[in-house]
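I have placed the structure first, in the form of structure tokens, so that the comments after it can refer back to it.
Lettered A, B, C and D in written order, each chain numbered from 1.
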Amino acid sequence: MIVVGGDGTFTGGLIFSKEFNFPVIGVPATIDNDIFGTSHTVGFDSATNTVMEAIDKIRDTASSHNRLFFIEVMGRDAGHIALNTGVAAGAEEILIPEENLGLDRLIQSLKRSQKTGKSSSIVVVAEGDNTGENVFQLKDYVEKHLPDYEARVAVLGHMQRGGSPTCFDRVLASRLGVKAVESIIDGETSSMVGLQNNIIELTPFKKAIKGITKINTELLKVSDIMSI
Amino acid sequence: MIVVGGDGTFTGGLIFSKEFNFPVIGVPATIDNDIFGTSHTVGFDSATNTVMEAIDKIRDTASSHNRLFFIEVMGRDAGHIALNTGVAAGAEEILIPEENLGLDRLIQSLKRSQKTGKSSSIVVVAEGDNTGENVFQLKDYVEKHLPDYEARVAVLGHMQRGGSPTCFDRVLASRLGVKAVESIIDGETSSMVGLQNNIIELTPFKKAIKGITKINTELLKVSDIMSI
Amino acid sequence: MIVVGGDGTFTGGLIFSKEFNFPVIGVPATIDNDIFGTSHTVGFDSATNTVMEAIDKIRDTASSHNRLFFIEVMGRDAGHIALNTGVAAGAEEILIPEENLGLDRLIQSLKRSQKTGKSSSIVVVAEGDNTGENVFQLKDYVEKHLPDYEARVAVLGHMQRGGSPTCFDRVLASRLGVKAVESIIDGETSSMVGLQNNIIELTPFKKAIKGITKINTELLKVSDIMSI
Amino acid sequence: MIVVGGDGTFTGGLIFSKEFNFPVIGVPATIDNDIFGTSHTVGFDSATNTVMEAIDKIRDTASSHNRLFFIEVMGRDAGHIALNTGVAAGAEEILIPEENLGLDRLIQSLKRSQKTGKSSSIVVVAEGDNTGENVFQLKDYVEKHLPDYEARVAVLGHMQRGGSPTCFDRVLASRLGVKAVESIIDGETSSMVGLQNNIIELTPFKKAIKGITKINTELLKVSDIMSI
């Protein structure tokens, strides 16, 4: 049996495999890219492009109307979508669960951005970010402390999960699917196929479920440099 | 002088033209399609495609997760965006400012939709709709009265204003632009160029500002029939 | 019976209807927009956007590489796609079956375009255009007479027929579909539903098949003005 | 100095750096993904998505009209675009410069494909493929040997070079750009920044220019399995 999903799916697959002594191989597919044992999950690349295109469209308005936009994107526990789309769309700030620098720093950074002559700003906020209670409270706080700005909120929501998959995602899904079938044929079980350094490798479910994916700290630095 | 915008812009143009005795011609460009004297405003077609593509993506999730989605789209006074995208994306319900059938009817309609075996539903809500206080209150009300449904809200916001214009909008803008220049040369003033039955015609600012655009009632009927 | 297509389909529908005394209503759907009795066929708006996006992408290269591009688009007998996309994408020249100004004029126009400082040019050519024998012969002729230019050909081909339909096309298809069913119920037959001045009307098959759609001469003028 | 391009650009950069004793760092940007020292060039991901979307649109027609499509895509020396888009779009055959299995095998494969009940087929052909003389000759050869098929050719051409970049390409470009500036500051020269196992690394121009990128043979296998 081949199961497609995330940690919950693989936990179920592990139990099923033991109980029924039946081979189970997992394919990692979540838009959050939050699965240990694969550098990319199926769906992540598509979701980042959907989000980036939405931010591009909002930027068109931001540029022409002198505004501050808070854009909430998916990611309860992982900031991969926020970080990648924030860099890609040139966001002034990216707020993610893995890093909480506090409200004061956000205000300071937006003030600095204003002084450099920027007429508008985009702040990408992952769902699971803890800088504010939520994106609406964040907006109110910033408007209170930066009265010159007119702030707006966009909650992209479930459109991030849909759409036609990108080339990267389709190629990845094909590669993982072929490897999953081959693994079953080879007698493997209770493992997940994943992309590691551009090669498809197996990771035992136990390891994949326990493991924690880390945010690319290089991207955090790139974001800081690019948004000056 | 050629001014591009909506009623506010044309009101300004009218005053300017009189005060300085200077020719002013207006080009109707709002995404809401709410200007009298033109069947289509520049930007409306682009906005409807952006909205429809977002609803299509949300539908992908709705179909696979048994949910009810409330999608708020632009349109403070006019339901053109909601009505056209709702029909195009096959929404189960379309709520617009021009028509308030009340909360009871919405609940009845969604119940009927559930009985016909539909596993999910899309409700497109124009900003200016008065069925509920706002889209979040609507969601709460429906969840209370239809406990089987898990409801979600998406507020598309300012992404509706951005993006690359469609072929229709670019052709319309070119035709209106040429006619605007020709009108100035011909000595016209204080008028708006607009599309009427596929021909570019002039409408005096006074008439354009006072006139009220009506919703296409045929589309309301089409929507009712298509969503059964 | 409801039949969807163009002149061929409607001719068949007419024969079928008479032979079997069975009601037949037609829905006009061709990408060429070449059916009499409707200002827009289902599929035309989608095709123009697909073509325009392809030309936009080619323009990106044209601008950065000092080149002349001949882009062949669909339209054996009708230049609607070429004319609309050419205006929308800012083509320097649009060659259509309805108007043959000859090779000399094309060369003169491209020379003029070069003198005004344009570093690149886009020429949109409808399949059925008779200025050259075909788009490759056109390219050779122009390269011979304008040796400074490096010319390239793109034949967009069948990608013009595919893709997700636009909002306009979906709304039109819904309106035509509802009217087609209503017409059958009302006892109508051997007629086509079509869009006329934004209202859905019936046209007898006989008239629709014989009628000839005309190119919008206003668009030809707009194209000439915009490409100076 | 930071130079952006491919082998030719880097060769020039190397000479310039030596002659003027001036630091030069290169950023790999070609749509062909044919540069040694980086798993991905800037532009490749965007090009593959543009190509895949075009093939998707052609597939819509292929499916409904019982046809064989030959689609020529960029890649004079490298088949990366053809291979990735062919897998992503489910092409029946992918012809690339790195692998010439001959015309006989192509005919056998298409015959097999026909027998399995497929009503249409897509063959993606890299520009530099040597199976036929060119895509038009290929079409003629196949039509002669498989008379049941009606074959069509699409040459995607320069539209592959344009369009808005994908999220992956923008993030990659940002990371490479930051590293390029840092390398200059660190006193590095005559080297190219590149992506290796998801980390940005330096490769000396000499090595990058001489090195040859290899096609991912795993993808060839995936393609064979998926197209059965």
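Here is the rule we go by: a residue touches a chain if its C-beta (ideal position, glycine included) is under 8 Å from a C-beta of that chain, and two chains touch if they have at least 3 such contacts.
Keep in mind it's a predicted model, so treat the numbers as computed, not measured.
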Proportion of interface numbers common to chain C and chain D (over half same, under half different): same
Distance between the centres, which are taken as Cα means, of chain C and chain B, whole angstrom: 27
Rounded Å distance, chain A centre to chain B centre (Cα mean): 32
Length of the line joining the C-alpha centres of chain A and chain C, rounded to whole Å: 42
Multi-partner residues of chain D (at least 2 other chains): 53, 56
Pairs of chains in contact (touch as defined earlier), listed by label: A-B, A-D, B-C, C-D
Chain C partner contacts - residues on chain D that touch it in the complex: 50, 53-62, 69, 152-163
Chain C residues touching chain B - in the complex, by the definition given at the top: 39, 45, 48-49, 51-53, 56, 84-85, 87-89, 164, 166-168, 170-171, 174-175, 178, 197-200, 216, 218-219, 221-222, 225-226
